[in-house]
Amino acid sequence: MKNKLLVFQSDFGREEGTVSQMYGVALGVDPSLRIHEITHEITPFDIWEASYRLFQTQGSWPTGTVFVSVVDPGVGSERKSVVVQTDGGHLIVTPDNGSLTHTVVKFGVIAVREIDETVNRAPDSENSHTFHGRDVYGYTGARLAAGIIDFEDVGPLIQPEKLILLPLIEPRGSSGAVNGIIDIHDVHYGNVWTNIPSIMARENGMALGDTIEVVIENDGVETYRELIPYSRSFSAVPVGGDVLYDNELLYLALSVNQGNFAEVYNIGYGSGWTISLRKNS
Amino acid sequence: MKNKLLVFQSDFGREEGTVSQMYGVALGVDPSLRIHEITHEITPFDIWEASYRLFQTQGSWPTGTVFVSVVDPGVGSERKSVVVQTDGGHLIVTPDNGSLTHTVVKFGVIAVREIDETVNRAPDSENSHTFHGRDVYGYTGARLAAGIIDFEDVGPLIQPEKLILLPLIEPRGSSGAVNGIIDIHDVHYGNVWTNIPSIMARENGMALGDTIEVVIENDGVETYRELIPYSRSFSAVPVGGDVLYDNELLYLALSVNQGNFAEVYNIGYGSGWTISLRKNS
Amino acid sequence: MKNKLLVFQSDFGREEGTVSQMYGVALGVDPSLRIHEITHEITPFDIWEASYRLFQTQGSWPTGTVFVSVVDPGVGSERKSVVVQTDGGHLIVTPDNGSLTHTVVKFGVIAVREIDETVNRAPDSENSHTFHGRDVYGYTGARLAAGIIDFEDVGPLIQPEKLILLPLIEPRGSSGAVNGIIDIHDVHYGNVWTNIPSIMARENGMALGDTIEVVIENDGVETYRELIPYSRSFSAVPVGGDVLYDNELLYLALSVNQGNFAEVYNIGYGSGWTISLRKNS
């Protein structure tokens, strides 16, 4: 029994009609589809962010949900279009351009198929070369979510190892210390999220209530160095105070209580932004 | 027969994945839930605005709708989590931090229950302390809207008088005059809405077509004083002209036709922003 | 069998409760309606943009979809409220203020009815004069989408020729050249879309791979003149390069690859923004 959940992500914005066209084509496939979204506000062309948002959200969605992610600066070029089946029981429809990096590394994928666009393409869209989101990804995602086609009908299997991945630096721990990267921003509040699981901090001797020395470097240049409390939530420090906390995915994160950490300290994200944390003794 | 309507409000924004996680958890409870929203663009941490938007919108939604409001600067602290049953036949799930002020004062509530988080919390979320919107409020709202639990299953009854309320100044009328506060902005257009019902203006001798002297003070300091027409709609004055009108909730409101009243005259909102209106004779 | 699709467009924004009120009233008519949107981010009062977005999106939506468009600077004045039945099998509910211009000129309408507001108005909304989007348009659209009323129940027929249209300049072709206007922006990316069908370029001897001289004038004053490639997609030119391409509706369009054409060259849209393209020989 299909739950008919179809979840879109893109960098199209909602100011104009593009997203609506994708939804219209999908609902033309089956008007009873339950369409939702991760966000359509991915920074334009930011494949890293697209990859992170897929990772961030998919665990909250029920098994059988079909995701369609369209951050596609190479639309019209030779990049592949794929559907992956994840360990968590989801399908993700996306260009093969790195958007699956976090999903592959942190969750794992069971199988990958390249979309055969000769059969999986909206009728009468052959002359359209700049809107695969509507013509291929949205249409194919809708037919998968509606149960009109199965994963096997997408196209030929390809090796998961052939998927294009962005370079990710893995977190590491040692006694009293952990290090990793700034993986993303919680953009609305300006919180800064690392790729270091809270459990790794625990295993290396750091606990809530400790004071932690935090150092952030951008391509090796020190940008931030402070001793700050590791607390249960923002409200444990005064408004305007820096705090280390476990975010909603149970990774280490940094916040200025009711302020914008990323902006105040001018912090970016990605593999060039490394962070090390050490328990103060 | 449940209508399965679940309506969210938050200050999370839609730029990233947080709202999507709440929706995913709710749809994991029941994929046939009809999820809609008030807005996710509440000014961060602005409990007054959250309170007003709940008041503004709930009357338009059918009986049985479940609202989930998450403006929660105190997440992780000791503030209570509650569900209220309103006079209008709605349920509202929210932190008890003042978000229910306008609802209590203008509509009234029938009963309040504190959420027992030992039973009303998403599975495996015990270690998450910063995302009650997903783990407690969204999950509980979804189970109420789906009919899996009833209001009685939320947790123990508490006295409605114990709810935390922000200080509200009530409007008053006298012959030819009314006064009150600037209750909120119609932010997209910059119109300024008072807490004075249009009917109170009528009862005190003011009518459409009158010229009205409007005075706005911020903590007692005069910010605006003009004689302006009281008109049926914006288009009754030239573009750029000030106008007093009855807003969509039938309260007195101020507009610059096709302009931004709040910005032009630098007006805020809340109990510190008082307004008095007097019929010009 | 109704598909129950109801698609809204407005210039209300999503920052506050107005859109939610429209949706609540519609779902009070029938909670099983499938409400979606074109956008609520139309530039305030921009009837031209509203007209274009209706044109841009309606072709992607299935037959039977009901659109409600509320860009209504004249709310409360004597402008008519209408429902049109389009050649494509859609209904559009809107103020008669020019919002239907592109729909009429590019698709055609079969029949137009003026809304009889004595019967097609939300209960108890008689004293509300500034929110026809909720009280008349949303409510009537919902009852049409739900199948509670038919097109015949809307109100009296009026002549399609009586609809208010904005002045549109039609595109023209001659040997090796085409000209028209800048019809709209793809605002999120800053691409600039013309009203010249790609097929008209083909018929006048222009082909992918050609170099084209593009001239844009604003009320007769030259704003842009360049020789640029006519390519299959953005990625055919380097990042930062200008490119002419066929947009998703198969009209000629201009882009700076991963840049913002409209902003870089300060381009507007509408009948005052003319464009001519000539094949370079």
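The letters A, B and C name the chains in turn, as written, and every chain counts its residues from 1.
As a working rule, contacts are C-beta pairs under 8 Å (C-beta built on N, C-alpha and C of every residue); 3 or more make two chains touch, one makes a residue touch a chain.
Quantities reported herein were computed from a predicted structural model and do not represent experimental measurements.
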item	value
Same-residue or different-residue interface between subunit A and subunit B, half as cut-off	different
Equivalent-chain rotation between subunit C and subunit B, CA atoms, steps of 5 degrees	120
Mean-CA-position distance for subunit B and subunit A (Å)	32
Sequence positions of subunit A contacting 2 or more other chains	none
Of all residues in subunit B, those that touch subunit A in their complex	11-25, 27-28, 31-32, 35, 44-45, 73-77, 127-131, 134
Contact footprint of subunit A on subunit C as seen in their complex	3-5, 7, 34, 36-41, 53, 56-57, 60-62, 65, 186-189, 198, 232-236, 245-248, 250, 258
